[in-house]
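Below is the structure I would like to discuss, written out as C-alpha cells.
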Amino acid sequence: MSENTKNSEFFSIRDLNVQYKSGDQTVYAVNGVSFDLAPGETLGLVGETGAGKTTIAKSILRILPEHAVKKMEGEVLYEGQDIFRMNDTELRKIRGHQISMIFQDPMTALNPVKRVNEQIAEGYIQHHHCTKAEAEQRAEEMLELVGISKDRAGEYPHQFSGGMKQRVVIAMALACSPRLLIADEPTTALDVTIQAQVLDLIKRLRDELGTSMILITHDLGVVAGICDQVAVIYAGRIIEKGSKAEVFRHPTHPYTIGLFGALPDLKKDVERLSPIEGLPPDPTVKTEGCAFYPRCARRCEKCKTYAYEPTNLTDTHMILCCNPAGEEEAK
Amino acid sequence: MGRYVLKRLLILIPTLIAVTIIVFTLMNFVPGDPVMIALGSGTHTPAEVEAKRIAMGLDRPFLVRLGEYLKGVFFHFDFGTSLIDGTSIQYQLVTRFPNTLKIAIYSIIFTVVIGIPLGVFCAQHANSVGDRIALIMTLVLDSMPSFWLALLLMLLFALQLHWLPSTGSGSFKYFILPTLANSLGGLAGFTRQVRASMLEVTRSDFVTTARSKGISERKVVYGHALPNALIPILTLVGMRFGGMLGGATVIEVIFSIPGIGQLLVNGINNRDSTVVTGGIVFIALTFSLIMLLTDLAYALVDPRIKAQYATQKKKSGEEEKRHHGGHHHGKRAEEA
Amino acid sequence: MSKKNATEINSLKPGSLKYVWRKLLKNKSAVFGLTVVALLIILSLLSPLICRYDYRSMDALNAYSGPSSEHLLGCDELGRDILSRVLYGARYTFIIGILSTAIAAVLGIAMGAVAGYFGGKVDSILMRFLDIFQSFPMLILAMAFCAVFGTGIDKCILALGISNISGFARLMRANILRIRNMEYVEAATSIGCPTRKIITGHVIPNAISPIIVEIAMGISRNGLASSSLSFLGLGVQQPTPEWGAMLSSARSYIRYYPHMAIIPGIFILITVLSFNLIGDAVRDILDPTLKE
C-alpha cells in the first residue's frame, strides 16, 4: 500500500473536472479530482449528498447522462491507458470486464422486464464470447456466490426484495471478475438490518477475488470497516486524502474534523454531538477562495483567496486547507 | 391471470348491457316518428299508420321492446331491420364490418411500422435537425383534420396523378388513400409518444447499468430500453386501434367505402333509428372488446403487472403511474 | 431586468396560474399559438367591418372564381367571398370548441371531484357510469348525441360537451386520488388542518394544472370534432360558414375548384395547431421532466 511506485501503474485519475448544464446554469460537480489506486487496494470516497461522489464514479466508466454533461475533462488512467480517449470498442472492453460498478438504488438498477439470469449473463457473453448456456451457468454460479438460490435465476427483479436485488446487482458486477469494482453507496437504499449483510458480502467477495475497489459512501463507519485509503470530498474536491489510519487518527481538514465530531462515539463522553453548521454550497456558483469558508470553524482572511494549493502532511496524507488545525485541536 | 380475465369479462358484460339500454333509450327520442319514416313520403290514412305501428311492434310498451331488443342482440346477435328498406341490420353489419376492419388494421399496421422506428430515431437523436423536422411535421399532421387530409390526398394521388382510385372499395389499392388519411394524424402523435417514452426509459438507471456492462449501444437501445418503452406504447396502440373505428367513419364517407361508419352516417341522415342503434351498439361492442384485449396484452408483456394480477395484490400507485403513459388520449386506461 | 424577472418567476409557486402564464410568455411556440388564436378571434369579430363583402352576399358571375385581387381567397359555388366566410366562420369553431369544452370541464370536474373525494360506493357507481361513455370512440358518441338532438350549433355544443365529460372526470379523479395520498396532504392532516383548507389549499391548486392542459387540448379536439360532424352533415349545417360545413359543400367541386376545399382546411389546421402548441407548452411547464 505504501509503495511509492504504485502511482498510475494500475489505476489513477488526474485532474478530473465535470460540469453539468441545468437550464441556463452550469453545475460545477467535480473540480480537479486526482487519486491513485493500487491493485487490491480499496479507496473510500466520503462526502455529503451532492458532493460529486457519484459523478466521479460514473465518469470513470463514462456513463454519465450525455444530455446533461457540459464538460468532462481530465484523465482516467487504467493500466496507463486513458479511458477518456478510448473509442467505443476499447471502452466497451473495459466496462463490465475490467471495471464494473454496483449502483446505489437496486430498485431501479435492474431492467424490470428481463429475467435476472439474463441480466447477469449478458455481460459475460459479451466479454467471453461464450454460448448462452455457459453464460447462464455462470449467472447461476454468481447467484449462489451472493447467496441467492439458483432456483430463482429465472425470476424477474420485482420478485426480489431490495436486499436481494442488490445481491443480484453485485452478482452482475462481479460476473466477469473485474479488476476494479466501483461501489456507489451500495447500501444506502437498503434497510439498516440488511446493510451490514450486503457490506460483508462485498467485503468477502473483494477479498476472495482480489479486486480493487472504490467505495463511495457518506458513512464513515463503513469506511472504517472496509477501506485502506480514504478521500474526503467536499463541493467536488478531495479536501483530505490519506491512509485510513492517517485520516481517522489525525483528521486535519476542518471539514473532516467536523465529520468526526458529528459521529456518535461510545468511547468518548460527550454531552452532545456537534453537527457541522450550515449547508453545502450551491454547486452552480463558482466561488472565490475556499468553498468550505462559510461553514468553517477556522475560517480566516487567507481562506477568501485560497487557490487550493495542497498541503502534504506526509507522503500519503494530503489536505486542501490554508489554515489547518494544529495538533492539539486535531485530537 | 385467469381470474383477472374473468373479472374483466364480468365487468364488461353489464357495461355492454347498460350501453345497449342507453343507446336504445336515447334513440327512442330521435326526432320523427319511426312509423312515418318506415312508411316513407306520401299520404297515409291513420288506419294504415296504425296497422304499420302494430306490425312494427311499436304499440307495445317501451320496456317490452327494450327487453326484446336486448334479447335479440345478446342471444341472437340480431339488431332488427332497417326502417327505410327493411333489410336485416345484422346482415348489413356483417357484410360491412370487414371493410371497416381493413381500414383500421391497415392503419394500425402503418402507424406501428412507421411510428416506432421514427420515434426511436427521434429519441436517439433528440434535438438534432432530423428530430426537429420530425417534431414540426408531427405537430402539423396532428392538427390536420383527417377528412381534409383525405380530400388533399384524393386530389393529388387520384384526381391529379391518377395513381390510385379515388373512391370505392375492392383490391388493396382502394385502401391505400383511406389508410393514409386515417392514420397520418394519429401516426404523428404516436411517434411523439414513442419518442417521449423512449427518452424517459433511456434515462433510467437500468439503462446505465446495461451500458456499464460493456454491451454494445445497439443492444442497450434495442435489448433494454425499447422493450420497456414499448409497454406504455402498447396501450396506446390499442386505443388508437379503437379510435380508428371512429375515425374510419369520416374516411368511409369520403372514399365511399361501404363500412360501418358509412352505414351509421347514412342512418343518421335518413333518420333510420334502428340502423343507428344497431351501428352504435355494434361499434361499442367491438371497441370494448379491443380495449379489453389491449389491457390483457398489457398485463401479459409487463411481468410486474402480470404478477400483480396473478396474486390479485394491487399496488394501485404503481399501476396508476404506468397507465399514465397513455397520455391525454389515454384517460381510458387509468381504470384497470 | 431579465434577471429580476427570472427570480420573480422562480419565486412563484410552480403550478400556480401566474407561474404558468409567465413561463408561457417565454415559450416561443406558445406565444405563436396565443397570437394566432387572439388574431383569429379579433379578425372574426371585426370581419363584418373589415371585409369588403358580406359573408352571405352571392355573386353568380364570380361563382367558383379562384383567388384574385377582388376576392383574395376566391369565391364558392354561389359566388360568396371565401375570405369573408372563413373569417366570419372562425367564431363558430371557437364558440363550439370553447363552450363544449367548458360544459365537459364543469360537469367532468364536478363528477371526478365527487368520485375521488368520497370514494367508496359513490366512486364505483360514477366510474361504472363513465365506463359506459368510454365504450365508444369519442366521435361515435358525439354522432349518437347529434342523432338524438338534431343539427345546429347549440346541439353540436351539447353533443360534444357530453361526449367529453368522462375524460375530465377521470383526470380530476386521478388527480384527487394522487394528491390525497401525497405526503404533504398527510402532513397537513396530521397537524390538524381542516378538510376545507386542505381541499382549497392543497388539492385544488395541485389538480388545476393538468386540467388546464386538458382544456387546451379539449378545445382543439372539439374544434376538430365539430368540423368533422359538420362535414358529415351532423353538426352545423350549410349555409352557415362553419369551416367543416364549408368543406362539406366544397367536396363536390374538389376536382375542378380545389381552392374551395383547401382554404377552410388550412384555417382548421392553423387553429387546431395553435391550441395544441399552447397545450403542449403548458404541459411542458407543468411537467419539467418531459423537457430535455
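Going in written order, the chains are labelled A, B and C, and every chain counts its residues from 1.
Here, a contact is a pair of C-beta atoms (placed from the backbone, for glycine too) under 8 Å apart; a residue touches a chain by one contact, two chains touch by 3 or more.
Predicted model, so just to flag it, every value in this text is computed and none were measured.
Q: Touch graph across the chains, line, ring, star, complete or other?
A: Topology of touching chains reads as a line.
Q: Report the chain whose mean Cα position is at the greatest distance from that of chain B.
A: For chain B, the chain whose C-alpha mean is farthest off is A.
Q: Roughly how far is chain B from chain C, centre to centre by C-alpha average, rounded to an integer in Å?
A: Whole-Å distance between the two chain centres: 22.
Q: Taking each chain's centre as its mean C-alpha position, how far apart are chain A and chain C in Å?
A: 52
Q: Which positions in chain B touch two or more other chains at once?
A: Within chain B, residues 126 contact more than one other chain.
Q: Hey, what residues on chain C touch two or more of the other chains?
A: Within chain C, residues 292 contact more than one other chain.
Q: Can you list every residue of chain A that touches 2 or more other chains, as numbers and ranges?
A: As it turns out, chain A has residues touching two or more other chains at 67.
Q: Sort out for me which residues of chain B touch chain C in the complex.
A: 11, 14-16, 18-19, 22-23, 26-27, 29-31, 126-127, 139-140, 142-148, 151-152, 154-155, 159, 196, 199-200, 242-243, 245-247, 249-250, 253-254, 264-265, 267-269, 273, 276, 280, 283-284, 287-288, 291, 317, 320, 324, 328, 331-332, 334-335
Q: For chain B, which residues are in contact with chain A within the complex?
A: 126, 203-206, 208-217, 219, 223-224, 227-228, 231, 301-304, 307
Q: In the complex of these two chains, what residues of chain C are touching chain B?
A: Per the touch definition, chain C meets chain B at residues 127-128, 131-132, 134-140, 143-148, 150, 166-167, 170-171, 174, 177-178, 181, 213-214, 217, 220, 224, 227-228, 231-234, 244, 247, 251, 254-255, 258, 261-262, 264-265, 268-270, 272-273, 276-277, 280, 289-290, 292.
Q: Provide the residue numbers of chain A that touch chain B in the complex, in ascending order.
A: Result: residues 58, 61, 63, 65, 67, 88, 91-97, 100-101, 103, 105, 108-114, 122-123, 126-127, 156, 158-159, 169, 172 of chain A touch chain B.
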